[in-house]
Structure formats: C-alpha cells, structure tokens
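In order of appearance the chains are A, B, C, D and E, and numbering begins at 1 in each one.
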Amino acid sequence: MFLGKNFVVTFHLQPSSEIDEAWKRITGQTDLREKGQLYAAYLVMDKLVDQYFPAVYQLEDQLSESESARKSIQALMDDIFEIRAKLLKLRKTILPMRDLLYRILNSERIEGVKEHLAYFTDIYDHLLKLSEMIESNREMTADMRDSYISINSNRMNAIMKTLTVITTIFMPLTFIAGIYGMNFEYMPELKWNWGYFTVLGVMFSIGFGMYVWFRRKGWFD
Amino acid sequence: MFLGKNFVVTFHLQPSSEIDEAWKRITGQTDLREKGQLYAAYLVMDKLVDQYFPAVYQLEDQLSESESARKSIQALMDDIFEIRAKLLKLRKTILPMRDLLYRILNSERIEGVKEHLAYFTDIYDHLLKLSEMIESNREMTADMRDSYISINSNRMNAIMKTLTVITTIFMPLTFIAGIYGMNFEYMPELKWNWGYFTVLGVMFSIGFGMYVWFRRKGWFD
Amino acid sequence: MFLGKNFVVTFHLQPSSEIDEAWKRITGQTDLREKGQLYAAYLVMDKLVDQYFPAVYQLEDQLSESESARKSIQALMDDIFEIRAKLLKLRKTILPMRDLLYRILNSERIEGVKEHLAYFTDIYDHLLKLSEMIESNREMTADMRDSYISINSNRMNAIMKTLTVITTIFMPLTFIAGIYGMNFEYMPELKWNWGYFTVLGVMFSIGFGMYVWFRRKGWFD
Amino acid sequence: MFLGKNFVVTFHLQPSSEIDEAWKRITGQTDLREKGQLYAAYLVMDKLVDQYFPAVYQLEDQLSESESARKSIQALMDDIFEIRAKLLKLRKTILPMRDLLYRILNSERIEGVKEHLAYFTDIYDHLLKLSEMIESNREMTADMRDSYISINSNRMNAIMKTLTVITTIFMPLTFIAGIYGMNFEYMPELKWNWGYFTVLGVMFSIGFGMYVWFRRKGWFD
Amino acid sequence: MFLGKNFVVTFHLQPSSEIDEAWKRITGQTDLREKGQLYAAYLVMDKLVDQYFPAVYQLEDQLSESESARKSIQALMDDIFEIRAKLLKLRKTILPMRDLLYRILNSERIEGVKEHLAYFTDIYDHLLKLSEMIESNREMTADMRDSYISINSNRMNAIMKTLTVITTIFMPLTFIAGIYGMNFEYMPELKWNWGYFTVLGVMFSIGFGMYVWFRRKGWFD
C-alpha cells in the first residue's frame, strides 16, 4: 500500500500510547481479515485525527480565559501571540493531512477505497471541521488584537486631548505671569493701582475663552 | 443512510421546536413512502438552514443601528467586535454545512440524490448566499474599524499640531521672560528706558514669525 | 425549468423597465419557438448582468475623482468608506450570480445548455470580469487608505520631532533662568560682574549643543 | 471560432505593432493551412502575453530602485502606492486572460485544442507565472509599507520617550525655582544662609532620582 | 517529451552540482531503459524539490533566532522584513512548480504517468508541504510584526500617560508660582503673614487633587 510513505512524511507524530492501543485493538480483532487493511488504516487515522480536537478546544478555552481574566494589555497580547503561534503549528499539521485525505477520497487507484468511502469521508469531515475551527480561532485572535489597537488609539486620543488642553490653557497664562515677573526698571503697568487685578482678569478671560473654544470643538465629549 | 452521523457531527444544533414540527409534518404525510427518505432529509435541512437567515439579518440590523446611533467610538468598537464574533460563530457552523451539501450534490454513491437534485441545489444556494452575507458583513465591520482608525489617526495629527503650535510659540517667549526675571545685579538691558517695550516687540516678532512659519507649512489647513 | 426559483432567490432585482423591454423583445419574436426557452433566459440574464457595468464604472470614476479632488483627508476617508460599502453590496449580488452561472455551465441536467453554451459562457465571462473589477477597486481603496495612514504616521513623526526639539532645547534653558530668578538673600553668582553674561553664554552653549545632538541623530532630515 | 468575442471583451488591448507583425508572419506563412486556425491564435496570444513580462520586470526594477534610493519616506510611500496601482491594473488584465486560457484548455467543444494542447499549456504557464509575479510584488510592497509603519511607530516611541524624560525631569525643577521666585514678604527659607545651596541640592537629587527611575524602567535602552 | 520546455521556463535554477550528480546516477544506471524517461524525470525533480527544504528550515531557524536574540526592535523588524522577502522569493519558485506537478498528475496525455503516479505524488506532497511551510512562516512573521506594533502602541500609551500626568500636575502649579513672582507694586497677598504657606497649601491641594483624579481614571494601573 503506497500510503505508507505519505504517513511518515506528513503526520510527524511521535509514537503515542493511543496509536499503540489502536494497533492492539486492530491486531486483536479476529475479523480483521475480512475488513481488510483499509479498515485498519481508518482506525489508526481516526485515532490520530481525534487527538487534535482536545488540543484545539484547549486553545479555545485558553483564549476565552485570557479575554475574561482582565490582564494587562501587554500580557493579553503575549497570550494572543502564543495562541496564534500554536494554532499555526496545528494548521501546519492538519492542512497537509486534509489534502492527503482528499486525494485518498478521490483516488481511483487505491483499491477498496470505494467500499470504505464512508469511513474516510468521516475522517475528512473531522479534518475540515478542525481546519475551520483553527481558522476561526485565528481570526478571533486577530479581531481581539485589532480591537485592542483601535481602542488603544482611541485612548491615546483622549490622553493627548487632556495634555493639549492643559498645555494650551496654561502656557499662555504662565507666559503672561512671566512678563510681569521681569525686572525692568520702567514697566508702567507695575505701578498701576489695579494692575494686578486687571492682569488676573485678563488671565481668567484667556483661560475661559480657551475652555469654551475646546468645548465647541467637541474635545470634552 | 450514512448521512446520519455527519449531521450529528456537523450541525451541533439543540433539539428545537422547529425540527420537531418538521418531523411531525413528515411523519404525518401519507405519501412519504413515495417521496422517500431524501425528501424527508430535505425538509429537515431546509428548516435548519432557513433558521440562520433571521440570525444574519438581525446582525446586519444591529450593525447599521450601531453605525447610525452616534455612540462613543469605544462603544462602537465593542459593538463591532461583538458582531464580528457572532458572525464568526455563524460561519463556523455554516461553512462545514455548505461543504457537506457540496459533497452530497456531487456524490454518486447516495442513491436518489440525482432525482432530488433540485431540492438539494436549493439548500446549497441558500448556504452559499448565507456564507456570502456573513463574509460581506465581516468585511463591512473591518471597513468600519479601519475607517475609524484612519480618522482617529487623522484627529491625532490635528491634536498634536495644536499642541506643537502652542508649545513652539510660547516656550521661547516664556524663556525670554524668564531671562529678564533673573535677579543679577548687573543686567544692562533692565536699566534702559525702552528695554521693556523692546523686549515686548521682540516677543511679538518671534510669535508672529512662528505663526507665519506654521501657516506656510500648511499646519492650519 | 427549475432555474426559476433560483432567479428569485439570487437576483433580488426590482422589476425594471429594462427587463420589461427584453421581455417584450422576446415575446415579440416570431422565431422564439425555434430558439427555445434558454435563448430567452440568455437575453434576460444578459440585460441583467450588463446593468451592473455602468454601476461599477461609476464607482471607479467616483474613486478617481475623490482622489484628485484634494479634499480634506477626513472627507476622502468618508468617500472611500462609502465606495467600499457600495462595492461590497455589488459583490454580494454578483458573486452568487457568478456561482449560479458556473453551475448552469457545468450542469448536465438542464437540457439544451450544451447547444447554447457560447451564450452562457459569454454571461459568465462578464460576471468574472465584474467580480474582478469589484475586487480590484476594493483593493485600490484599501491601498489608498493604507497609503494615507502611513503618510499620516510619517507626518505625526515630523510633528512630534518639532515638539520634542523645541521642548528639549527650551525647558533646560527656562529652568536655568528660573534658578537665577529665585529671591534667596545669599546667591553669590548674582553679585558677580559678569554673572549675567556667563549665564547667557552657558544657555547658548546648551541650546547649541542640543541642536548639534539632534542634527547628528538625523532629526532634521 | 467562438473565441473571437471573448478576445474583444477580455483583452482590451490597443492595436499594436507587435500584433500586426504577428499577423503578417501568420498570413505570410505558406503552411498555415496545414497548421490551422488554432496555431494562428496561439501565435497572436503568445505575442500578447509575452508583452506583459517586460512590464512586470520594469515594475520590479522600479520597486528595488525605490527601495535602495534612500528617498524620503513620503516619496517612497508615493512610489509604492503608484507601483501597487500599476500592478493592480496588470492583474485586472491578466486574471481574466488566465481564466479564459484555463477554460480553453479544459474545453471539449473547441475542436483541435487537444492537438495543440502543448501550445496553449505554454501560454497558460506564462499567465500563471505572470499572475504569481504580480501577486508577489504586491505582497512585497505591502511588506515594505508595513515594515516602514512598524519602524515609524518605533521611532515615534523613541521621540516620545525623549520628550517625556526631558519634561518629567525639568518641569518639577522649574516649579521649585518658581516657588522661590515668588515675592512674598515672609518666606523664611530665603533668609537662610545655605538656602540657595540646599535648594540646588534638592533639585539635583530630584533630577538624578528621575534619571535613575527612567533608567530602571529601561527607557534608555 | 513536452515537459522539457516547461522545466526551463518554470524552474529558473542555475546548473547545480546536485543535478549533475543526479544526471550521472541516471545515465550510469543500466536498467534505465526499463524504468524509462519518466523515472529519470522523477529523479531530477525529486533532487530539485528536496533542495528547497534546507532553505526553508534555515529561514525558520533564522526567524526563531531573531526572536530570541533580544535585539533592538528596529533590528528585529529588519530581520523580519528580510526573511519575508526571502520566503516570497521561494514562494515565487515553488507555487508554479506545484501547479505544474498538479497538471502532470492530472494529465491524461503524458503516457506513462499513470504507471509512475506514486513517484510524482510523492514530489507533489513535498511541494504542498513546502508551500504550506512557507505560508505558515510568512503568517508567523506577520504575527510577530503585528504583535510588536500592538505592544508598541501600548507602550506609547504608557509614555503619553506619564507625560500628561507630569504636565497636568506641574503646569498649573508653575503658573501659580509665576503669578506671585510678578512684580506689581500692589499685590495684597504678598503682604499677608501666612500668604506663602497658604499658597504652598493650595498648590499641594491642587497637585494631590490631580493625582486622585488620575488614579480614579485608572491611569496608574
């Protein structure tokens, strides 16, 4: 059976106790001769493929845990990056398997496939389901990342508005205070009786005018 | 009929009253024997698939509502994220169904499919339509998010320009005022009769020069 | 002809005067009986599909107009968002039509398709062309948006550099001026004959040093 | 030959001297009757497709030139945008041609294709190669743009760190200097013999403390 | 054999010692006549394809090295850009090869392919595996870049918060100090016995109030 080589090339799985178990069950079966090699191949492949479901479900759980755990954003980004990397590894294993199964299903050369088509279609369905789950989870993580980036860019705007409002209001005022802190001998305003209160009034007007201007521009929404 | 197992694997639907109803209608029909199992399968699958249309339409409505509701951007981003997650869940259910239907349509093994092809083509069309609607809505939300990010980055530029203009004009002026506020015993300018007004003139020239420079750079467009 | 239902499901077009016209032309033809139902179907579908070309060309024109109109960036982003939404709507109509035509072309069940294949291939070509145009325009708009975002992020850098250069040069200088503006009774420097000019010299050295440092870091390129 | 119409629809090429030349060569050949119409079609299509290779190679050259020319980032972004737009135009022409060839290759209706399959396979290979080159170059430009955006965002961080370090160190110090620049009649510290030096010491401690704090946070890496 | 031309067009490989070696091995084999031309073609193609595995593995190693080397972000971005460009070049070579093999596998015209199908399926599997590895690595690098961008945008927020907190607290305080540094002759507060300490108290209250406000807004999380 020419499938042998492809298995070695494509699956890259360590000899696991699960496969051993499947093997035992196969060799222990008395009616194996009747069901033939392909049924044995089906049993092994079914075990192999079913092993990936818990892995994907675990990553899904890890993802929803990370999301609800109210971690710092950097920790969340690290989690997302890690989960994406694991999903990528899974995909690298599952996509070639899926393509292999597809070719087995459509092959006219492997004798006996026609008779066991329902079995292999079953495995193929599981692989389709797996690859769709992996793709969905990758898109979910991409959405989470993009969502945080857009929220971040929004927060940044709010922070910058605060900074700009404060700077724009207080810089001109501090400048005016600086002018009347100069030590020139001849500065007529300094001698005026109401000079101090006039300047305070001017400062208040400027500050209030800035505030109204920002409010009109909608910076405090 | 080997479809049975696939249904359980692929559809993952809770027993719903709709299916019960369809089932009753099927079992109540006297001519079922004539129309056969595949017609029954068609009735159930048609009910199942049609259940998804209201779900997608509802998400479309939710999306256009969110867009027109003039919410805060963060609330809108949360809405978009939620809608995208729901669309992803729907896609995870519908894509494998579509693939299953495709294989039923092209299968040469299931007897009777040829005779009922028009029925199954109808379901397949609905699934194609559904998956195209889901994909379009996901792209619509991605467009909305990208659009807001680019508008945000544009607003940020405007905010930063305001901040930079204010800082660039007032920092040098405040520095000059600071110089003449120093208490050195020998500062010749302080004794000059027109020192104060000269400095005020210099300050005004610097401020006005900065303003012209920024205007030439197109920062006030 | 089982196509009937699919049409209703897939096309979603209001009864238009164009179709009425095509219908009249068909029913008015005396040789219709010879050419058959499929020729009539071809005439209607051809009219339907050709209606979409002006729509796509109009969006292309709108796009190039928006680009060359030197609008504000926010207005341009709004235009792009609107055009993308319209393209998405068109795609939602044209992709299922394309898939339907593909299935008609490859169907072996509809009698007479073989004889009229050239007609339906023609419509299929137009639909392929349409979907490729829609996809290209969507990518064009995405390119425009990404291009503006990257230019924006570049301008932001320039703005921030201006702000940082000004702040970094004038903050330390203003601080030094502030020190000698303190009113302590015992501040030996204030009594020095050349104290004022020494401090001015130190300030100039610091400012010039900062300038050289920024120039070496390539901030003025 | 029904290909005629498709050519007009799909290729959209101005009558060029190259085609004229090919046409002359065809009509000048005495053995054309033997080789048949499809060989003539092959000659024209081969000329047409080969015309696109120099165009794509030229865009590739333009791309690598732009990259190595050390232009300003904005000029580079403009170049990239322009190159992407041209690649998109090329793709809009080549993808439908590729699909057309694919259908010619798989058509069972056009007589004589089977005999000339090697010729048309050759053109199809060139079109595949072209579309893959266009796709690769588009991804290359997208990579360049994303790379510059991420480098830009990195530089922005560095700029903002400089600004924040300077502001965070000098704002509190300037504030302290401002306090002792106030003109209250009763400010005990001003009378102290070592008041000035104490304040200078406190200022230095604060500045140094800030510096150590930023260094620990890794802002100077 | 018509494959010849395609090879030249598609592979674009310099004459390498590996191919020479394969060639020698082929021509040296006595049973070549029995195994035929296609077996020879298989040997050459197998050598060619296997040459690409070390290249991809090397890029994978380079990627994981870059990631763990704790380089500066800009150096990492340069590495990622370079690796992506190399992967793109590899893809440009491997995708057309894969398509060629696919067509060889499904061709009914090349005699003898049916008999050697297992050999060519083996090469096709390797090409599928290669293209999947290349795609995965490209997505991995895109993930790394996006991850760094989102972390960067997060750091930027933290930096801006620091800047805004400092500015917002100290700007108003410096302004107040500036007011009482003005030299007006009539400023009643300056004469008050407890004026200085009152102002210090007011300043402390404002600073502390700002701190509490920022803490409530969650800026110190």
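Assume contacts are C-beta pairs under 8 Å (C-beta built on N, C-alpha and C of every residue); 3 or more make two chains touch, one makes a residue touch a chain.
Protein identities per chain, from UniProt: A, B, C, D, E = Magnesium transport protein CorA.
What you see is a predicted model, and the numbers here were worked out from it, not measured in a lab.
Peer 1: Quick one: compare the interface residues of chain B with those of chain C and tell me same or different, with half as the dividing line.
Peer 2: different
Peer 1: How many angstrom lie between the centres of chain B and chain D, each centre taken as the mean Cα position?
Peer 2: 24
Peer 1: How many angstrom lie between the centres of chain C and chain D, each centre taken as the mean Cα position?
Peer 2: Chain C and chain D have C-alpha centres separated by 15 Å.
Peer 1: Where in chain D do residues touch two or more other chains at once?
Peer 2: If we look for residues of chain D contacting two or more partner chains, we find 149, 153, 156, 160, 163, 167, 171, 174, 178, 181-183, 187.
Peer 1: How do the chains line up around the ring if the path leaves chain C toward chain D?
Peer 2: So, from chain C then chain D onward, the ring reads C, D, E, A, B.
Peer 1: If we count contacts the way the header does, which residues on chain C are in touch with chain D in the complex?
Peer 2: For chain C paired with chain D, touching residues are 117-118, 121-122, 125-126, 128-129, 132-133, 136, 139-140, 143-144, 146-147, 149-151, 153-154, 156-157, 160-161, 163-164, 167-168, 171-172, 174-175, 178-179, 181-187, 221.
Peer 1: With touch defined as at the start, can you tell me which chain D residues reach chain C in the complex?
Peer 2: Chain D reaches chain C through residues 2, 5-6, 9-10, 72-74, 77-78, 80-81, 84-85, 88-89, 91-92, 95-96, 99-100, 103, 109, 145, 148-149, 152-153, 155-156, 159-160, 162-163, 166-167, 170-171, 173-174, 177-178, 180-183, 187, 189-196, 199-200, 203.
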